[in-house]
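Each of the two complexes below includes chain A, the first together with chain B, the second together with chain C.
Moving on to the complex of A and B:
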């Protein structure tokens, strides 16, 4: 299973719509970094509106992909984290402090525009 | 214990299967969306521990009743290497796998009751309950 990555101008958009297993998550990490490199994208929005569970492993993969993209020079924003997911992450002891987030895709794109100054 | 369902964990995809079943049961019993997510996440952590440390094992699910309360009881069992010091793995941030170390303390916070038994060379059993509010 592969998570589709869409290109919009100099951004990449991802909406995770399926139940993610560990392998899919790792594959997505690789695919996204490849795509950033190929398209020279400066910003990425990963929308999690349809994701109803984020466990410690998925959280680690998402946190890592933000750091990895940052190393390459692309800013990532996670959007649409559901209330139940946010509460569960804090119970788990995962605060994702260094991960930029926004309420929804629209706010996420605005945040990128601001940060990247375009 | 008379488990109503059981999921064997021996491949990575079983982690997803185990948490999906847990969520379905939690929904049927009437747990809120947040508690459904807590239960599914706890199962995911337990199943991953089995897969990572013991290769295989199983998770059993039982709907339990105590006085007027209803709860979902999960039992994660494996015959893996066991844990030498349970109190150590219950510390936040302790990890041997290079993960986040959220593992067992995280599961304990997500659920209402939590007990762990382990014997070196024999395996580990974790029993945890979430009560319907």
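Moving on to the complex of A and C:
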């Protein structure tokens, strides 16, 4: 399966709502970078509200995708990070220090507006 | 698999991006109606941009989901309907006469704003 990527104005919205396996995660990474390139999006919101738990591989892919998007010029905001997910990310030393986060999709979009100064 | 449903303010956004099988379609119908109820959303945008072709069963489910959402008080806007999909819907006599449509997600949201007068 593929994780749907929605384009809204010059942002991309992604809501991860299922347990994703390694293959899906890799596919998502590719798809998202392709979409950023194709749509020339300046911002991305990845909503993790429905993700209860993540394993080390998915956490790494997520960390990578943030860094890669940044390299391509798109700012990523992560939203809806649950306690267990926050703990996994920190335990694994995934560096999310410079990644803006927000409570939900609306707050995430507001944050992007602020970050990008538009 | 389940089709992710994103909540943005008092709207729900859905982008159908894969070929969906009958089971996924039924699950989507249930999930969407549940979400409308839970989130008290007043509008729904279903984006079909990535759907090249639909079969009669999926077309029927789609027609039903629009009517059901309407019954529950949520206005549905369909966006990105491709030629082949439009033909299938009409050929099958699926009544989309009163369903507002739009080119893409942004236009769909604008249309919802207009329809709902907010």
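Details
Keep this in mind: the second predicted complex is superposed on the first by the 108 of 118 C-alpha atoms of A that agree within 3 Å, B and C clash if a C-alpha of one lies under 4 Å from a C-alpha of the other, contacts with A are read in each partner's own complex, and residues count from 1 in each chain.
Rule of thumb we're sticking to: contacts are C-beta pairs under 8 Å (C-beta built on N, C-alpha and C of every residue); 3 or more make two chains touch, one makes a residue touch a chain.
Being a predicted model, the structure only gives us computed values, none of them experimental.
In the superposition on chain A, no contact is made by A:69 with either chain B or chain C. Contacts of A:59 after superposition on the shared chain: chain B is touched, whereas chain C is not. Overlap of the chain B and chain C contact sets on chain A: empty, with no shared residue.
Interface of chain B with chain A (complex): residues 12-13, 15-16, 19-20, 23, 33-34, 36-38, 40-41, 44-45, 48, 92, 99-100, 102-103, 105-106, 109-110. Residues of chain A touching chain B in their complex: 19, 21-23, 52-57, 59-60, 82-85, 87-88, 91-94. The touching residues of chain C, when paired with chain A in their complex, are 1-9, 13, 15-18, 47, 104-106, 109.
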